[in-house]
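A single structure is presented below for examination.
In order of appearance the chains are A, B, C, D and E, and numbering begins at 1 in each one.
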Amino acid sequence: MFTGRIVGEIWATKKVPSLQGLRLLLVEPEVYHPPHLRPHSTKDLVVAADVIGAGVGERVIVAYGHGARNALGRGENVAVEAAVVGIVDDVELTGGGV
Amino acid sequence: MFTGRIVGEIWATKKVPSLQGLRLLLVEPEVYHPPHLRPHSTKDLVVAADVIGAGVGERVIVAYGHGARNALGRGENVAVEAAVVGIVDDVELTGGGV
Amino acid sequence: MFTGRIVGEIWATKKVPSLQGLRLLLVEPEVYHPPHLRPHSTKDLVVAADVIGAGVGERVIVAYGHGARNALGRGENVAVEAAVVGIVDDVELTGGGV
Amino acid sequence: MFTGRIVGEIWATKKVPSLQGLRLLLVEPEVYHPPHLRPHSTKDLVVAADVIGAGVGERVIVAYGHGARNALGRGENVAVEAAVVGIVDDVELTGGGV
Amino acid sequence: MFTGRIVGEIWATKKVPSLQGLRLLLVEPEVYHPPHLRPHSTKDLVVAADVIGAGVGERVIVAYGHGARNALGRGENVAVEAAVVGIVDDVELTGGGV
């Protein structure tokens, strides 16, 4: 799992049936510049499905694979391998910062 | 999952039986140069199976693993771990752009 | 699996139900500078669930996927794909070091 | 999945039982330098099992995980997570090239 | 799967129950500098479980995920996703070398 910030959303009309009704968000992973976590804009964005209502600009936790599909509550028959599993309230880093 | 652009197609006569009749596309991942997503030509291409009829030049969403096999609708007995799951209509990024 | 040091903790009130009551730690992977293992602060942190009581500053072993969910003892229905599986007592490297 | 070229073969007498009789090939991934795919010699080689008779120097498609084990036709009880799934006849890239 | 050299071993008293009695080795991946494979000391080490008795300094093949757990012969209920599956006797590379 990793933390990141939601920077956008994707619309796709033509898609496999199991994606119907799923929001697909673009998540920018954070990188650790001690003692802070910063957005990592040189890295590929991750497309993550969301069912907990995360909004653009929010920091989230993203899980992969079976863990991601579990978060969606639709069983294993869904064409997804990354999903938002939580919205970050606070991060406490050793160096104190955020 | 990630977004990318289809840049080519692969032909393979000699292959495992479960790949018969599956189109294999070459997808170039996009990278985030705020506020835009750009093709990432220094990155390895991903070979993804396709059953939704994506064409060369189109932007697509690619999923991995079980999620990819689900998209193909052939059950788990297929020698694939990446597949096109949707064709991108529109991407709305925080900074406005595309 | 990899070794790393716990550098922080994440709080998330809004999350998928299967994460309730799970500690989510931020782990900084180590890199090998022979004959030592050093923190790797330019790398993305990994968010790992923990049920063995690892504390900030401790060196841990992190596993992924099914292996991670097994460590949590909650079955497969948990939205997690990385977990702490052990606390490092000692690392013996060929060159002698730590 | 990715495309690559077979650059070698590995022999291992002492191995887990499920690897008996499986050829293990070293595959060098290709990278995209538009409009061509080139060998990527600065990248780690991938060790892939092969049951379709790919030879050194041939271009192949390699799949991972469950998809790889499916290609081997030995069920899930095999200690492998990468396998050759096809031999490339031709690659058609947008820019025309190979 | 990849090839690497065992450079160390990890001791962990506090760990999840399914790791009891499993050796945990540190493996340094090799990289391809044609026509040779060389240790890749700037890369993260991989922690791999071992049940075939590989020793420090030996070259091994490491598998991931389900393939790794299969190598351990303890079923799927083990908190591991990387394992030694073979000890390398010989590597034959196209360019002739080792």
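Criterion: contacts are C-beta pairs under 8 Å (C-beta built on N, C-alpha and C of every residue); 3 or more make two chains touch, one makes a residue touch a chain.
Note that this is a predicted model, so its numbers are computed, not measured.
Enquirer: Given the touch definition stated above, what is the smallest step count connecting subunit B to subunit C?
Expert: Minimal hop count between subunit B and subunit C: 2.
Enquirer: So if I look at the partners of subunit B and the partners of subunit E, which chains show up in both lists?
Expert: The common neighbours are D.
Enquirer: CA centre of subunit C versus CA centre of subunit D: separation in Å?
Expert: Chain centroid spacing, subunit C to subunit D, equals 31 Å.
Enquirer: Indicate the whole-number Å distance between the mean C-alpha point of subunit D and the mean C-alpha point of subunit E.
Expert: The mean C-alpha positions of subunit D and subunit E differ by 19 Å.
Enquirer: Specify, in ascending order, the residues of subunit D that touch 2 or more different other chains.
Expert: Subunit D, residues with two or more chain partners: 43, 65-66, 68.
Enquirer: For the protein chains shown, what form does their contact graph take: line, ring, star, complete or other?
Expert: The chain contacts form a single closed ring, each chain touching exactly two others.
Enquirer: How does the ring run, chain by chain, when subunit A comes first and subunit B comes next?
Expert: Cyclic order starting at subunit A, direction subunit B: A, B, D, E, C.
Enquirer: Okay, in this complex, where on subunit C does subunit E touch?
Expert: Contact set of subunit C toward subunit E: 1-3, 29-34, 37, 40, 43, 51-53, 61, 63-68, 70-71, 73, 83, 85-95.
Enquirer: For the complex, which residues does subunit C have touching subunit A?
Expert: Touch list, subunit C to subunit A: 7-16, 18-19, 24, 26, 28, 41-49, 56-57, 65-66, 69, 76-82.
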